[in-house]
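Chain nomenclature is as follows: A, B and C, assigned in order of appearance, with residue numbering initiated at 1 for each chain independently.
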Amino acid sequence: MISHDNHGLRLAVRYAVLVLVAIIFVFPLLFMVMSSLKPDHQLLVDTGSLRAFLPVGDISFDNYAAAFQRAPISTFVINSVIVTGVTVMLSLAICSLSAFSFVFLRWSGRNLLLSILLATLIVPFETIAIPLLLLVSKLPWLGLDGLEQGWLNSYHVQILPFAADALTIFLFVQYFKDLPSELVEAARVEGASWFQIYLKIIMPLAGPVVATAAILRFLFMYNQYLWPLMVVQSDEYRPVMVGLQYFFQLDTPWGEVMAYLSLITIPVLGFYLMLQRAFIASIASTGVKG
Amino acid sequence: MATLSMSGLTKRFGDIEVIRGVDIDIADGEFVVFVGPSGCGKSTLLRMIAGLEDISGGELRIDDHLVNDMQPRDRGIAMVFQTYAIFPHMSVRENLGFGLTIAKVPKAEKEQRVMQAARILQMEHLLDRRPSQLSGGQRQRVAIGRAIVREPSVFLFDEPLSNLDAALRMDMRMEIGKLHEQLGATMIYVTHDQVEAMTLADRIVVIKDGIVQQVGAPMELYHQPANRFVAGFIGSPSMNFLPVEVQSVDHDSALVASTSLDAVRVPMRVEPLKSGDQALLGLRPQYLVPTNEQDAGQLHGTLSLVERLGSETVVDVNTRENTRLVAAIADDRTFETGTEIAFTFDPNRAHLFSAAGDGALNK
Amino acid sequence: MADSKLTRSNRTGWLMSLPGFTLVALFIIVPFFFAFGLSMTNQRLVSPNPTKYVGLENYRQMLDIALVTLQPERDASGTVIRDDEGTIQYPRLRRLSRSDPAFERYKGMREWFGWQSGESHKAVVVRDPLFWIALRNTLLFVLVVAPVQGGIALGLALLVNQKLRGINAFRTIYFMPVVVSIVVVSLLWRFIYDGNDGLLNNLLDTLSFGAIPGVDWLGNPSTALGAIMAMSIWQAVGFHMVIWLSGLQTISPTLYEAADIEGASKWQAFRYVTWPGLRNTAVLVIIVITMQAFALFAQIDVMTNGGPLDSTQSLVFQAVERGYGKQDISGGSVISVVLFVLVLAISLVQRWLTRDRQN
């Protein structure tokens, strides 16, 4: 017989462990946000006690104002929104269309092309970054001012290399394979063209995989660092993560640094907390590969 | 309204030939059922007619037009799938009108045709529902409705009732029968269920291994099966095949006997046999009549199992050479397992087949 | 009669897949082969001179490694020369490679590390010490992070796989750092690790009542790489927890019920039900962590710039330092190729581990 007391105790121990671990994950982030609200002298004193994680003392948004003084933050934010937004949209459209043709259409070269695409899954971006840098520095671009040589310092150099990737195509392929092929055949008998089937039958049914791919692509693009670091030298096109370099100097007040970090992190965290199930599911679905 | 003709149709997947030279002519307004065991090629044949599979060889004509290379939408056909294939993200109304939306038919006409189809199938009240809110039977009705709206000259049904439960299946079967009467359209229906085939068809096409075994009206197949495969496939419970030896033949009948069968003269309709051949005597369970006295019977065995179904009693019998026979007895006499039993039968209702091969037509 | 082409849609098929394939080809496949090609040239990002093909020279420069044995200096009588503290004196490698023909091959190479062996001194000499240090650090990072992060992630997954009220909230919290950029995390932890006013030092000081002295975690060559490892594990462990979790959830609960009825203890249930069911997940988690660990860059760039004393150099950091910082595209490409070969080897091991055992 298990007594009720024993059972209650065990439950308490379980929750205690869960909470303790949760503290390890939450407190650094909490520290970041709280510190962003405190003046520097108080901030450094607070690190010695639990006050570091509490909104106590002289609380204000002064650090945020100072951070905006130090760097053109609004430009960085707009750049990140443009680059991330456009890439996610393009990637969803291009990759789903490719996957649609791989799964539902029969054409010569289909298997070969798909195999080549999937083989690129094992090429980490870091191993091609350097040659890609040389490539984009030589590519021509037809801009508003006519033909230009080299893509450096632009939006398109941050967008186009990521507008299609094997993982997104793969996710769509997996999802489409599980849709009943009779839906496509019925639509064909009803007279729909391939493009109509893609637009009116398949995409309206692809909600879950669109969410998965969008989340993965969003996280990847918004958090990019290495690539924009190399290809963007001017503030005009710099995204938020590279904008961080303004705060690298050793004499930067920590309060301002924390303000900037909070500013670019809280929206993502909020987004995550709203859609946490979809976020976690999308990470789990990358585990299916291999 | 349309006629349909297949001549020498073949289908290969790589080196494997799954349809091996099919010739069938279907008259305008006819209800034809393709039936056969799973994997026999019947669905492939239907999909070739629909234009969902390439035709490897031969000619397919609808109303005398060669349609081998024509897209499905241009063939004037509509198809009902086993899994219904109704679009889950569209309302019933949108599903019914999908083909017309694609064809950019004016709104008023579309609305009118959708309403008409809904009336025929008595589902006007379901028009604004989503497929997820419908029962299996209602979904299949939507699939049929979508076919009706297209006003096709040929309806194609691919095992439309397989996903329904038994009771619903019978209702829908009757409804499809009524629909055929009402529309008078040419219909081709694929099933593995010989009951559906028998009840619905004007003509049945029995297929095995990509080859047409026999084409004919239901009762023609029942009474005059062209080979042992058809004989065994049509009818429920299946025909019994009793191993016998041919003792003598004249031009259209043979005298056969075995340990448990007294010598009997039966007509030789299917294959020519000669004296001394091993043969199989086909006896339908319904035509075996039990006798009271052992000596009066022609066929002897021991009762091994009795199943009383109410309308009839099905008994399993072990013959003296240990072959299993099934008899369906109409009256509700009681039988006891383990006792000896004897049967008589009308020799004219028996069929004689060669024991060689698997009993089906092979090329 | 040939197959009719009714159900083939070559034109539409190509048209629909072409945008995606073209982008992948241009921005992944072409640069991939570029890496191999460029690694055999003297290509620079911007250069007035034409590019020259140099064959495997770059690889020779970077990968050249040798073991040399140095004999002690002796005076005229053949006695070993020792300094005032009794340390044996050895000739300098640079001098030897100029004067002694036997050592000519080592010209331009420097000692990476060495040890005493009897009277002689053994030295591992390399032409490009920075590359070798980066390679060693990267491998060390992978070898520590992969098992530790994988193990902790499994523990967390088991923790949040319990059927408890509100367990989803804990899942959400443990996963939280994953959605935060590694760049943000790195800068935040620079503050936490700070030697003067850092949160970690102050917390340790408070908790131990001053017994633990403050450490400049990132400024000390012996703690810097470890500090970065710990932070990296903290940031990404939730990711792998989720992968473990989806593996755990594929194990049928009836197996646990059966084990329960058989009287298995918690540990036995884990050993005989859970773990065998997680075999493929385990391989996957280790592979994914390994791939991510090989890509170590942002943490280094934000936190230490490879220092102190090169103790946190990594392969990708070196590739970027050379390819972008010094505009030495060919040098960066060589490191990229080396990195790819390492990753490919890992993938092949994965293939081998998850191969179909039926055959």
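Everything that follows uses one rule, which is that contacts are C-beta pairs under 8 Å (C-beta built on N, C-alpha and C of every residue); 3 or more make two chains touch, one makes a residue touch a chain.
Treat the numbers as computed from the prediction; the structure is a model and nothing was measured.
Taken pairwise by the contact criterion, the protein chains are fully connected, each one touching every other. If you tally contacting C-beta pairs for each pair of chains, A-C comes out on top.
Annotation: 22 Å between the Cα-based centres of subunit A and subunit C. Separating the centre of subunit B from that of subunit C, both taken as means of CA atoms, is a distance of 65 Å.
A straight line joining the Cα centres of subunit A and subunit B is 57 Å long. Each of the following residues of subunit B touches two or more other chains: 51-52, 71. Shared interface positions of subunit C, defined as residues touching 2 or more other chains, are 7-8. Against subunit B, in their complex, subunit C makes its touches with residues 1, 3-8.
Listing the residues of subunit A that touch subunit B in their complex gives 180, 182-183, 185-192, 196, 201, 204-205.
By the touch criterion given at the top, residues 12, 51-58, 68-71 of subunit B touch subunit C in their complex. Contacts from subunit C toward subunit A in the complex involve residues 7-10, 12-17, 19-21, 23-24, 27-32, 34-35, 38, 43, 45-46, 156, 159-160, 162, 164, 167, 170-184, 187-189, 191-192, 197-199, 202-203, 205-206, 234, 238-239, 242-243, 245-247, 281, 284, 287-288, 291, 294-295, 297-298, 301-302, 316, 319-320, 323-324, 329, 332-333, 335-337, 339-340, 343-344, 347, 350, 354. Taken together, the subunit B residues at the contact with subunit A in this complex read 50-52, 71-73, 77-79, 81-89, 98-99, 102-103, 143, 146, 150.
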